[in-house]
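Before I ask anything, here is the structure I am working with.
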Amino acid sequence: MTPPHPEITPAACAETLQTFRDTGPLVQSLTNTVVTNWTANVLLAAGAAPAMVDNPHEAAEFAAVAGGVLVNLGTPQVETIAAMEEAVRGASAAGTPWVLDPVAAGGLSWRTEVGRRLLSLHEPPAIVRGNASEILGLAGGAGGRGVDSTDTAETALDAAHALACEHGTVVAVSGEVDHITDGTRLVRVHNGHVLLTRVTGVGCSLGALMAGVAAVTDDRVLAATTATALLTIAAEAAATESRGPGSFAVALLDQLALITPEGLESRLRIDGGTA
Amino acid sequence: MTPPHPEITPAACAETLQTFRDTGPLVQSLTNTVVTNWTANVLLAAGAAPAMVDNPHEAAEFAAVAGGVLVNLGTPQVETIAAMEEAVRGASAAGTPWVLDPVAAGGLSWRTEVGRRLLSLHEPPAIVRGNASEILGLAGGAGGRGVDSTDTAETALDAAHALACEHGTVVAVSGEVDHITDGTRLVRVHNGHVLLTRVTGVGCSLGALMAGVAAVTDDRVLAATTATALLTIAAEAAATESRGPGSFAVALLDQLALITPEGLESRLRIDGGTA
Amino acid sequence: MTPPHPEITPAACAETLQTFRDTGPLVQSLTNTVVTNWTANVLLAAGAAPAMVDNPHEAAEFAAVAGGVLVNLGTPQVETIAAMEEAVRGASAAGTPWVLDPVAAGGLSWRTEVGRRLLSLHEPPAIVRGNASEILGLAGGAGGRGVDSTDTAETALDAAHALACEHGTVVAVSGEVDHITDGTRLVRVHNGHVLLTRVTGVGCSLGALMAGVAAVTDDRVLAATTATALLTIAAEAAATESRGPGSFAVALLDQLALITPEGLESRLRIDGGTA
């Protein structure tokens, strides 16, 4: 029998990546207008099938057949917010896991309210992903400036723990070290590269990858960790062969396709403990 | 005198590409939010002039001066659907050829209705372009999952033939082998590369290229074949010099600019017959 | 004491670029759907922090904390125009410089009216940036076809001068030679490369760079010149190492990060005079 809180190991992440590649999950992305193309290309490179169905007439219908759903608040408009609510309704009814990325929560009041409403509307998100300022902002603190985090991941750990426990979700705090917690387990991922901060939408695409991996495993901590591992290890490999943000972005897409489960297992640097 | 149904040959495609490059047609793209940037860059690389005028206040006005118009249903919203209807009205009144790309038709009911309404609203599209599931869905069958085709191009040939005859249009079914028919002629294009399925929006940009080539020739089968030839031959060349989806997309844009009419003629593998 | 109209020199531009890099200004971009991703990546590569807050509920709130604001009319919709008006209101109240890019002004009547209304709504823009056709169109003449300029920069100089004097703004006319004037001074930038016309959104991203540099200097002619210098010099360097529009776009992003203030100073070819 599987224990209720299995340990997150590089081997488990590698196995999950293999399942993800074998499955090619359909990921519905309701995301911001800056990163739609990038997000779709990240999903395709990694091995998933992207689809953006972000109108209120079809969002629920599609969430019922999608493997996972991403809701990203980067550029909310009245019509797309209505679509997000429909997508969450459809996902909740169908048991489809969904990921909330509360971009700029705390820093801007309108979207902060939208994010908090989505948290409690139907089923909770499988994963909430943000930088430290956004997690603090969603949990009730003051936010950063736009999409930048003005806080380190560590400072948001109490807020992440509280959000995870209150809503029965997993919270992933991106930063120089990524932190992932369900309120019981805490995983730290030490991979990554500073060039990730020089390409727009990398964090947003991580949320989409998490929605994709959540489609193939019920352990949401494992899903968030595997997605983070894939992206940050691909970034390390890409950085060695690029000389600026343009060539880095291209190499990152290549590496997302080239990284094997074995490569991921050997390069992944995680530790953890109790939240 | 030109026969009413001239044979489609590599030489005719090469000549059409030369005219396209000499003309630099203005292509109005009302397309989905995932592929706007990619579509514009594909058009620019190939030698056309892209413009996205997708609001209902200006869409008809612009369609009257554009060389060709693309209407792509990938991410419909109420305001952009109104713009599409205006664009089709303006194009029809001015005699501007327009292309319909019924993304995910059959799979999602709202947009399927939109696609069918656009087909019969004013002048029919010069070309309908989609994968097999979308063509089947538009014609009345069940569709696939999102933008993926779960059917091969061959299975959609009866539906393509019926659509072409009923609406007086050309239907292009994308797939491992591309099929293009006006109900009388049938052309099969055997070029292409599997990496085309790992970059988002390639099919969507093919629709835009078709709208551009339709601006320079009245033979819509020739237009659809020339556009398909250019994209798939550029893809073959790009694939030899890339190692993943990121570098492939970059090389594809380069090759769209580098492929000459002579190169296209020598590499094009088509056959045909009677539909 | 600084003279009211200091001369624009390569050394002054280099110093301004250094300040820009040291500051990393937050640039709010309300831009068209074709270029959102590209614009954000250009800003990140150059050293700024992009944020697109383009809904009417938050645009004013964010303009108060942004370093600079870009308003680009490429794909206006009712909701985003309302956001642009809010952003200009917020920027004007807070003293945040904003840049107007009147894409396709003159060629399309609805957006031309929007552009003229924005000019006089609150504080004037710090900089108006467009190609010759757009500047002529905004000033009252007939425009070009879409985003293409059918006029040379020189033909728009009278219109640029008139706009600058009437509204107390700086007008930057992009072209083979870029012209920048405040009605008193006139700067010509002779750098650049023809491949800039084969990648979508380069002009649009120049407007965003100008909003970013305007955040770090009160001399708007210097800001517009420095932004133009950075982009066109990066383009020259990128062109030497690319073979088509795809690889050029990648190299351009790399070069925007690699160009140093010293490199900019040594390569910049400007002259000027009295407008």
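Remarks
For reference, chains read A, B and C in written order, and residue numbers begin at 1 within each chain.
Methods note: a contact is a pair of C-beta atoms (placed from the backbone, for glycine too) under 8 Å apart; a residue touches a chain by one contact, two chains touch by 3 or more.
Because the structure is a prediction, the values reported are computed rather than measured.
Rounded to a multiple of 5, the C-alpha superposition of subunit A onto subunit C involves a rotation of 120 degrees. At the interface between subunit A and subunit B, under half of the residue numbers appear on both sides, which makes the contact a different-residue one. Once the centre of each chain is set as its mean CA position, subunit A and subunit B turn out to be 34 Å apart. Shared interface positions of subunit B, i.e. residues touching 2 or more other chains, are given as 33, 36-37, 79, 249-250.
Those residues of subunit B that touch subunit C in the shared complex are 26, 28, 33, 36-37, 40-41, 44-45, 49-55, 57-58, 61-62, 65, 79, 249-258. Residues 32-38, 74-79, 104, 108-111, 145-148, 197-201, 242-247, 249-250 of subunit A touch subunit C in their complex.
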